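You will see chain A twice below: alongside chain B first, and alongside chain C after that.
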Partner chain A sequence: MCALQLVADGVIFSCIIILGSIGLSLVYDIANFPNFAHGDLMAVGAFGAITANTVLGLPFVAAAVVGIGVGATVGVATERVVFEPLDVGPLELLIASIGVALCYRAVLIGGFGSDPRSYDVGGRGRVEALHEATGIAASPRSIAIVASTLVLVLSLHLLLQYTSLGRQMRATADDPDLARVSGIRTRTVTTAMWIIGGGLAAAGGVFLGLDTIVRPQMGFDLLLVLFAAVILGGIGSVYGAMLGGFAIGMAHELTPLVPGVGTEYKAAVAFVIMILILLFRPSGIMGGKESA
Partner chain B sequence: MTAGTGLTDVGRSELPTEIVLELESVDGGYGDLQVLYDLSLGLGEGEVVCLIGPNGAGKSTVLRTVFGLIEPWSGRVLLRGEEISGTAPEEVVRLGVGYVPQVKNVFGSLTVHENLQIGGTAREESEGVIADLYERFPLLAEKRGAKARSLSGGQRQVLALARALVMEPDVLLIDEPSAGLAPTVVEDVFESVRTVNELGTSVLMIEQNARAGLGISDRGYVLDQGTVKFAGDADEILDHPEVAELYLGG
Partner chain C sequence: MSVLDAVRGHVDSYTAGERFAAILVGGFVAAVGLALVSGQLSGGYLLFLLGLAGMYVLLSLGLNVQWGYAGLVNFSVVAFWGIGAYSAALVTAPSAPIPLELHPVVGLLVAIVASATVALLIAVPTLRLRGDYLAIATLGFAEVIRLLMLNERWLTAGGLGIAGIPPILRGISEAIPQVRLNLGVARIELTHGLTNSLLEFLAVATLVLVVFLGLRRIQRSPWGRVLRTIRADEDLARALGKDTFRFKLQAFVLGSVIMAIAGVFYVHFNRYLDPSDLMAIETFYVWIAVILGGSGSNRGAILGGLSVIAILEGTRLVNALPLLAGVDIAPLRLFLIGLLVILVIRYKPEGLLPPQHEHIWPEATQEADR
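For the complex of A and B:
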C-alpha cells in the first residue's frame, strides 16, 4: 500500500478520533473527571442512527442527525441522572462512568444483539477521478466523513471563540468558582457542554459505523485511543484534543510504514505515545488549560 | 465581645446610614472546620468599610459566606433586610453585589476584553459599560486583546475590579486588593476603590495593609479568630493604642 493511501486512511481515522476526543476533553475540563462512558456514547449515537436508518427507513443523512440527537440527549440525561447528583470526587465519578459505560453497552446488546450491522446507504466504492489523479482509493463515504468533521470542528471553534455561550464555557473551564462569582449560571453551561460533547461523540460513532461497521463494542474499543489523544493534546484543552486526535489517528494508520512493524501493532502505537507523553510532558502538547 | 476596649460594640445604632449588607451572628466554615464564630457586622449605604485582622482570622471566609460560595451554619446574611444566606453566587451577582476575590480573580486564558464581557454575563447589554470602564482604566483599553495571564499583578487587580464593576453593583466586596503589589501600584488600586465608592457603590474591603486600608475607609472591623474584636470609625481604630499594638504593628 502506498504511503499516500495510508495518509488518507489516517485522515479519516483521525476525524473519528477527533470527534470523540473533543467531548472527552470538554467533560474533563468542566465536570473534572475522565468519562469512561464516552466511547460507548459514540456507539449509542451509531445505534441511534442505524435505528432511524434501517428500522424507521429515514435516509442516511437524516438518520445521522437523529443519531447525533440521541447521543446529545443520552449525554445530558446521564449527567442529570447519574453524574450531577453524585456529590463525590473525580475518582468516584470515574468509577461511576465505568458503570454507565457497561449500562450503555448492555442496552445496546440487549436491544440489538451483538451482530454487526451496516447503514443502508451507498457510497462504498472508490471515487475514480480521485484514484486516477492521486492513486488514493477513497469512497464518497470517507470524503463525506472528512468534510462533515471539518464543518463540525469549525462550528465548534466559532461557537467557543465568538459566542457568549462559548465564552462562558471557556470561562467555566478556566475557573468554575470565578465563573459563578461573575454571574455565569454554570449549570446551564455544563448542560450545553454535555450536549456538544455527546453530539460530537455520536457523530464520531456514526462516522465510525459508516467507515467500518456498527456493533455495540465499537466505542469501547476506541476509548483508550481517545484517552491517548486527549492526554497527548493536554487534558482539558479542546484544541489540544483536536490536535492530539489528529496525531494519534495518523500515527495509528501510518504505523505500517515503520520497517519491521506490521499493522498488528497499530493499536499499541497510541499507547506507546500516551506513555511517552505522560513520562516526558504530562501537560500535553497544548500545555493543559491553555485554550478551553 | 469588645468589653473594656473603649471601642463600640457592633450594633445597628452605631451605623451611620441605612444598612445595605449585614451579617447577623454568623457561624460558618469549611467541612467540619469552624472559622466564623457568632460574627456580626454591617455595611452602611455609601460607606467604605475595612476588615482587618491577622492571617487566618476568617476575613476571606466572611466574604465567601456573603457571596454564597459557602453557606453559613447558623445566623443570617441580609441584603437590604432580605435574607440571602445560601443564595448561589451567580444569583447574588444579580442582586447587585460584586465580589473581587483575593487570588485567582481573573480568567487567565481569556483576553482582557473577554474577562469584562464575562463580568457582564448577567446583564442584557454590557458593551456600553465596558466602554466607560476602558475610559476610566486606560491600561485595560490598551491591553484589551491580551490574555489576562500576561498582565502584571497590578494590572490583574485592576482587571478583577473592572470585571466586577461591569455589573454596576450597589455593594462591592474586595479581598486584599493590595496584596503583593508595589507601593505605587497600591495607591492606584486604592484610588480606584475610592472612585468606585464615590460613584455610589458601598464597599466592604479586606486589607492586610491595615493602616492604608483604614486610611481610605469610613469604618473598620478588627477580626480575630473568626469573630469581631473591635469595631469603630476608621480614625478611632487607627488611634486606638491597644488595636495599634495588637493589629497594626505598634
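For the complex of A and C:
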C-alpha cells in the first residue's frame, strides 16, 4: 500500500479520534477526572443512529442527527444522575465512570445483541475520479466523514471564539471559581460542555460505525487511543485535543511505514506515544489551559 | 446457655459493616449449599468455582497492597496476572511453541522473577505520575502486553492459545487411590479428577491463607505504617525522612508478584490460556472487588473478591429459574456490576469492611482496656 493511501486513511481515522477526544478533554478539565465511559458514549451514539436508520427507517443523515442527540442527552443525564451528586475524589469518580461504561455497554448488548451491524446507506465503493487522479481509494462515506468533521470542528471554533457561551466556557475551563464569582452560571456552562462533548462523541461513534462497523465494544476499544490524543494535546485544551487527535490518528494509521512494526501494533504505538508524553511532557503539546 | 451468650457477645463486638459482611457470607454459603444439595451445582464445578474465587481473592489482595496500602493506581492488574500465567504456561506446557515441559515449580519461579522485573521496569518511570495519569499509563501498558501476547506467535501461540497445561500438583493426585463411599443417602465417589480438584482447591486455599496472614503482618509492621503515611500525605512521609519512592516501588513490586502468582495458579487449574483472558475488564473487576471490600483492608479484599466472583458466576444460575430461562445473562451481569460500582461510590465509598482495628496490634488495645 502506498504512503499516500495510508495518509488518507490516517485523515479519516483522525477525524473520528478528534471528535471523541474533544469531549473527553473538556470533561477531564471541568469535572477533573478521566471519564472512562466516554468511549462507550460513542457507541451509544452509533446505536442511536442505527435504531433511527434501520428500525425507524429514517434516512442516514437524519439518523446521524438523532444519534448525536441521543449521545448529548445520555451524556447530560449521566452527569446529572451519576457524577454530579458524587462528592468524592478524582479516583473514585474514575471508578464510578467505569461503572457507567459497563452500564452503557450492558444496555447496548441487552438491546441489540453483540452482533455487528451496519448502516443502511450506500457509498461503500471508491470514488473513481479521485482514484484516477491521486491513486487514493476513498469511499464517498469517508469523504462525508472528513467533510462533516471539518464542519463540526469549525462550528465549535466559532462557538468558542465568537459567542457569549463560548467565552463563558473558556473562562470556566480556565478558572471555575473565578468564573463563578464573575457571575457566570457555571452549572449551565458545565451542562453545555456535556452536551457538546456527548454530541461530538456520538458523532465520532456514528462516523466510526460508518467507516467500519457498529458493535457494542467499538467505543471502549477506542478509549485508550482517545486518552492518548487528549494527553498529547494537553488536558482541557480543545485545540490541543484536535491537534492531538490528528497526530495520534495519523500515527495509528502510518504505523506500517515504521520498519519492523506490523499493523497489529497500531494501537500499541499510540499507547507508547501516550506513555512517553506522560513521562516527559505531562502538560501536552498545547501546554494546558491558555487556549481552552 | 453460656455458649450462646459468648456468641452473642462476640457478635455484639462486630461493627455494622462486619455484621453485614457476615450476613453476606452466610447467605452465600447457604445459597451454595442449597445449589449443591438440589443438584444445580456439581461438586467438581463447585471446586472449580472456589478455585476461581481464590484467584480473584489473590488478585484483590495484590491490588490492595498497591492501592489500599500505598495509594498506587495500578490499572495493569490483568497484565501482571497474564505475565504470571504465560510464564507458567510456556515453561510447563508440552504444546507451547517452544516446549520446555519443566516442573510447575520452575514455572512459579519464572513467573515471580518475570513479574518482579517487569514491575520494576514499569514502576521506576511511572510511579512519579499523578494518580489519574498513572491509571491511564498502566492501562495502556496492559494493552501493550495483551497485544504482544496476541501477536508474538512464535513465543505465545497467539490467539490459538496454549492447551494441555499440566496440573500444579503433577503426579500427586494419581498416587492417591480412588475411593468410593456409599453412605446410603449420598454416594461419594472420589475419582482422580475430583481428587485433583480437591487438592488444587486446598493448594489455593493455603496460598490465600499464607498471603493473607503475611500481608496482615506486613500491614502492621513499620513498613506498612510508612506506606499508610505515604497514602495519607506523601509530603509528610518525606519530611520525616522516608524515601517514599523506594517504599512505593516495593509495594508495587510486591502487589504485582502476588497478581502473577494468581495467574500461575489459574493456568494450572484451568489448563488452557489465550490472550482473550487479558482484556481490561478483568482489571476493572479486581478494582471493583477492592473498592467494594474497602480499600486498605485485607479482609475487605477477600470479601470483595468473593462478592465479584459470586456475581459473575452466580448470575449464571439465574437461568435455572423457570421465569427467566430465556434471558441473556451476560448484559444483565454487566449492568449489575456497573450499577453496584456506582452505588458503592455514591453511598459507601469507604467500602463494606474499611480497615479499622486491623491496623493496630491486638495487644495494644487489650492493654488499653485493662
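As a working rule, the second predicted complex is superposed on the first by the 292 of 292 C-alpha atoms of A that agree within 3 Å, B and C clash if a C-alpha of one lies under 4 Å from a C-alpha of the other, contacts with A are read in each partner's own complex, and residues count from 1 in each chain.
Everything that follows uses one rule, which is that a contact is a pair of C-beta atoms (placed from the backbone, for glycine too) under 8 Å apart; a residue touches a chain by one contact, two chains touch by 3 or more.
On a predicted model such as this, the values are computed, not experimentally measured, just so you know.
In the superposition on chain A, contact of A:86 is made with chain C only, not with chain B.
By the touch criterion stated above, A:180 is placed in contact with chain B alone, chain C being left untouched. Once the two complexes are overlaid on the shared chain, A:164 sits against chain B while remaining clear of chain C. Annotation for chain A, partner touching more residues between chain B and chain C: C.
If you check the complex, the residues on chain A that touch chain B are 164, 167-168, 170-171, 174-175, 177-186, 289-292. Those residues of chain B whose C-beta lies close enough to touch chain A in the complex are 67, 69, 88-90, 93-94, 99, 101, 104-110, 114, 117-122, 163, 167. For chain C in complex with chain A, the touching residues are 73, 125-126, 129-133, 135-137, 139-141, 143-144, 147-148, 150-151, 280, 284, 287-288, 291, 328, 330-335, 337-342, 345-346, 349. Per the touch definition, chain A reaches chain C in the complex via residues 33-34, 82, 85-86, 88, 90-96, 98-103, 105-110, 113, 220, 224, 227-228, 231, 262, 264-265, 267-268, 271-272, 274-275, 278-279, 282.
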